[in-house]
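In structure tokens below, several structures.
Both complexes shown next keep chain A, but they swap its partner, so chain B is in the first and chain C is in the second.
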Partner chain A sequence: MTGGSKKLLWAFGAALALALPWLISDRYIQHLLVTSLIFVIFASSWNLLTGYAGQFNLGHAAFFGIGAYASALLALKLGVPPWIGLFLGGLLAAAAGFLLGIPSLRLSGPYLAITTIGFAEILRLVAMNWVQLTRGSLGLYGIPPLPGFWGLEFTSELTFYYVALAGAALALFCFRRLTRSEFGLSLQALREDEPGAESIGVDTNRFKLTVFTISAFFGGFSGALLAHYQRLISPDLLSLHETFQALTMTIIGGLGTLTGPVVGAVLLTFLSEGLRFVEDAVKIDVRLIIYGALLIVTILFMRGGIVGLWERLSAGRGRDQEEG
Partner chain B sequence: MRLLQTQKVTKYFGGLCALKEVSFNLEQGEVMGLIGPNGAGKTTLINIISGAFHPSQGKVVYHGRDISRLKAHQINVLGIARTFQVVRIFKRLTVLENVLTAMVDRSKEGPWKLVWGSFFKRVCAFKQDPEACATAEGLLASVGLLRYRDEQAENLPYAMAKRLEIARALATRPKLLLLDEPSSGLNPAEQNEQIKIIRQINEQGVTILIIEHVMKVIMDISHRLIVLHYGEKIAEGTPKEVYSDPLVVEAYLGGEAHA
Partner chain C sequence: MESLFLQQVVNGLIVGSVYSLIAVGLTMIFGVMRISNFAHGDFSMVGAYIAVFLLAWVPGWMGWVGSLLAAAAGVGLLGILVERGVFRPLLTRWTDLDQIMVSIGLFILMENLAQLFFGATPRTLSDPFGGVTVNMGLVSTSAMRLLCFAMAMVIIIVLEVYLNRARMGVAIQATAQNRTAAQLMGININLIYAVTFALGSALAGLGGVLYGTLFAIYPTMGAIPTLKAFVVTILGGMGNIRGAIFSGFILGVAETLGGTYISMEYKHAIGFVIIILVLLIIPNGLFGRSEK
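Our next item is the complex of A and B:
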């Protein structure tokens, strides 16, 4: 693709993203768009840690939940303005990310995966059982919305869409910068070969802690956004299911690519809602079955996910044209 | 001038003694060959000098400083780079990116500084920095890899992958280069090419410690040799001296024909 047509595509994409909720007046679809955008951030943050830096984290829901609970509780108990809460939620998750990074200095692969699952499970149990603070499995409700300004209110799907869009754009901008710099190259070196990275002077321990912290910040930020959007959160946010959402979205979209989690998050959010109707009809939990099947098919036959497939196809077309 | 010195370096793996009181000096600018039968402890010695392992006893002194307790990345920053017996290139990065990653000045740029640089540096996207790319391309050209510049490293033929590892090590601007069997698995033409490359690196003032099984290579380029056998140094000297040392002939070449 030439530089000009790429720019045009970007402009078209941006215009579409801005106009979308006006083109679709159905509030239910608007709601799905907001959810997709929140998952774009969440899945991308997992992708930075696992897709780029190769740290197999299966406890990412912990950051989602910490961000959501922290921002909600700060607003409910201490009256902290939700706009500040979004970032405080991210910062608290970042602190947790730093802590969870410590075992990664000694563990990798499946061992790290199990440890991180344990971390998220412990937090889920705390959220379930610390009833005075979290109201347990009933969840927190009545979470204040993001305060409006300039006559805007952020209580409807339509207006919140733009908050989520701005958040996603900000996060993606950061991920783009981070992955294309020397920092991103160092992360990928760490993923590809740890002794090799050490041999060229990469302090792998410090890089692991750094990437855990950054990834957790954005995970927490997306959780906090969700809390002030839904205004009702439960310990389910901390469950393995949420981590698998990020994982499935990222792998089907394209692990270790910037656009992969974006494509995956939008696709799977809509797909899973579509399947809900099927489920009501057949009374079986087909969603998870289809998720699983998609994941297996992607891993076996489509490494690089949808984005990888697209790149291969367009590269093939380019070659054909050159030869033709 | 003395660049590196090992002082009675000993390494145990459990009850197994992999290295036993190995001492030698490395002078600035020389090519030192490290030979010995399989399992003699050659790679262990390189692993210890490069910081992958710490010695059980003894010291490694570099520029008058004890480095035996430093970590691998710290030792690289001090000016010691290495290659591996089994190539450890970054497979899913391009050839150019492999070298660019190694060029980052790690003594100044920790991870948080690089994060900052991702947003506020003059050239944020590293691949768009013309100066860095020119330096990297120069390094690739010196090992004959320039035409593979944008190839994924995993697609490189084995001989090219070995050269990429050398270019990546050089990108960290080392004073001492540790080469662990740079010619293993190469055909004779590729071996000759490898000899040429290693000699050029040495001519630019880089001191080299090289493990090699291919006799032609080691005899050709080493100024001096040390011979390890069961973890002990049994001989040291010029290739000629070592080659005719009866101890070496017995230990290394045994009764069989010369390699």
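Our next item is the complex of A and C:
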């Protein structure tokens, strides 16, 4: 694909993203679009840490939950405006990410995976058991919505869509800048060959901590968005399944690519809703069975995910045209 | 006071024996094949359900002994299929990340297939002793739990003897120590992988039956034995079988004592707190040798 046509595609994509909720007036579909966008941010932030930097984090749900609980509690208990709460939630998650990054400096593979799971599980138990603060497994409800301004309200799916879209655009813009810069190159060096990267002067400790912090910030930010959108959160946000959700979306879309988690998040959100109709018909819970099977098949047979497959197909087509 | 402490230590050792059994399977598979199988606890879940159905069909003693045999055979067979279909195709080209993620896929798949086939209702295994308790001076426990402990010990001892005496057992250990050298000695690596994975899975299945005598059985239960087994395995040094056996008991006792004296609510966090501290201070585990 040439540079010009790629730009055109981007412009078309942006226009479509902006116009989409006006083209589809069904509120249920609009709700799915909002959910997809929140998961775009969540999955992309996991992808930055695991896909780009190779740090196998299985506790990403911790950041999601910290962001959601922090922003919700700040609004409920201290009356902090939710717009500020979104960023404070992100910042608190970032601080947690920095802390979690410290043991990770010495750990990799299964050791890092278990440490990060442990971190998230401990926080989930706190959210379950600190009943005075979090209402335990009942969860927090009545979380205030994002306050409106300039006559705009952010309580409907339609308007919240633009908030989530702006958030996703901000996250993706940051990730694009990061991964296309020298920083991104160093990250990939870190993933491919850590001692090698160190030997050519990459300060791996500083890079790991930085990437943990940034990834955690956006993980927390997406959680805070979810809290003010759903206005109801529970300790399930911190569970292993939430991390696996981000993982499945990213792998199926394409690990270590910018567009992979976007494709995966949108596809799986709509797929699981589509399957819900099938489930109602056949009375069987097939959604997660398909998730698991897709995950295995993707890793075994198409490691690049959908984006990798697309790139290989379009590269093949390009070659055919040149030859023909 | 004293008897409560002793009682909790005994309870901890009983739970710990089951943790050890499940973790030994996990650590063996890791030691030989470098696979961290996050679906390991789901093999235990399958073992537990085999016992549920067999005991419903043949109640009492016969059913209980039959359950152990059937779980070992059934889950071992499942292990062979999974190794052949899911893990072997990746063995030569994968990274740590790939194989952990494929096992997570397996975890999601098995958990939800179980929900589909077995239903979400929790089940328990019936007690062949009919709830008899055994008094041993200061402490007492049910005969069922005592049997569970004894079975776990017997299986662990049999495994130890097998790994150190049998030809195949020695070959498995040799492969774990040095794959290339083992291959040069004429050991068929693919066969070793299949046997190790089957054996490790069978241990998970047996552990699942015993786990089911202590706790409730439900389709998503597998996450708990998986996480406990990983905690135990890391504590003992990944790939270290004796380390896993001892660490299983340590975790069991730490959990019951922590649950009694610190906080029942945070019982499941104790293992994680221990390993985070251990990894920060001694990254190779309590019984680990430093990596070459």
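Here is the rule we use: the second predicted complex is superposed on the first by the 320 of 324 C-alpha atoms of A that agree within 3 Å, B and C clash if a C-alpha of one lies under 4 Å from a C-alpha of the other, contacts with A are read in each partner's own complex, and residues count from 1 in each chain.
Please note the rule applied: a contact is a pair of C-beta atoms (placed from the backbone, for glycine too) under 8 Å apart; a residue touches a chain by one contact, two chains touch by 3 or more.
Given the structure is predicted, the values throughout are model-derived calculations rather than measurements.
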Clash-or-fit label for the pair chain B, chain C on chain A: fit
Which superposed partner A:Leu133 touches (first chain B, second chain C, both, neither): neither
Spatial angle chain C-chain A-chain B, Cα centroids [nearest 10 degrees]: 80
Which superposed partner A:Leu105 touches (first chain B, second chain C, both, neither): neither
Per-residue touch tally on chain A - higher for chain B or for chain C: C
Contacts of A:Val202 with chain B and chain C, given as first, second, both or neither: first
First, second, both or neither for A:Leu178, with chain B first and chain C second: first
Shortest CA-CA distance in Å separating chain B from chain C in the superposed model: 9
Complex interface listing, chain C residues touching chain A: 30, 36, 86, 89-90, 96-98, 100-102, 104-113, 115-116, 223, 227, 230-231, 234, 238, 265-266, 268-269, 271-273, 275-276, 279-280, 283
Parts of chain A lying in touch with chain B, wherever the complex brings them together: 174, 177-178, 180-186, 188-189, 191-193, 195-204, 206-207, 209-211, 214, 256
Sites on chain B touched by chain A in the complex: 50-52, 71-73, 76-77, 81-82, 84, 88-93, 97, 100-102, 104, 106-107, 109-112, 114-115, 117-119, 121, 124-127, 168-169, 171-172
Residue numbers on chain A that touch chain C, as the complex places them: 50, 54, 56, 103, 106-111, 113-115, 117-119, 121-122, 125, 128-129, 240, 244, 247-248, 251, 284-286, 288-289, 291-296, 299-300, 303
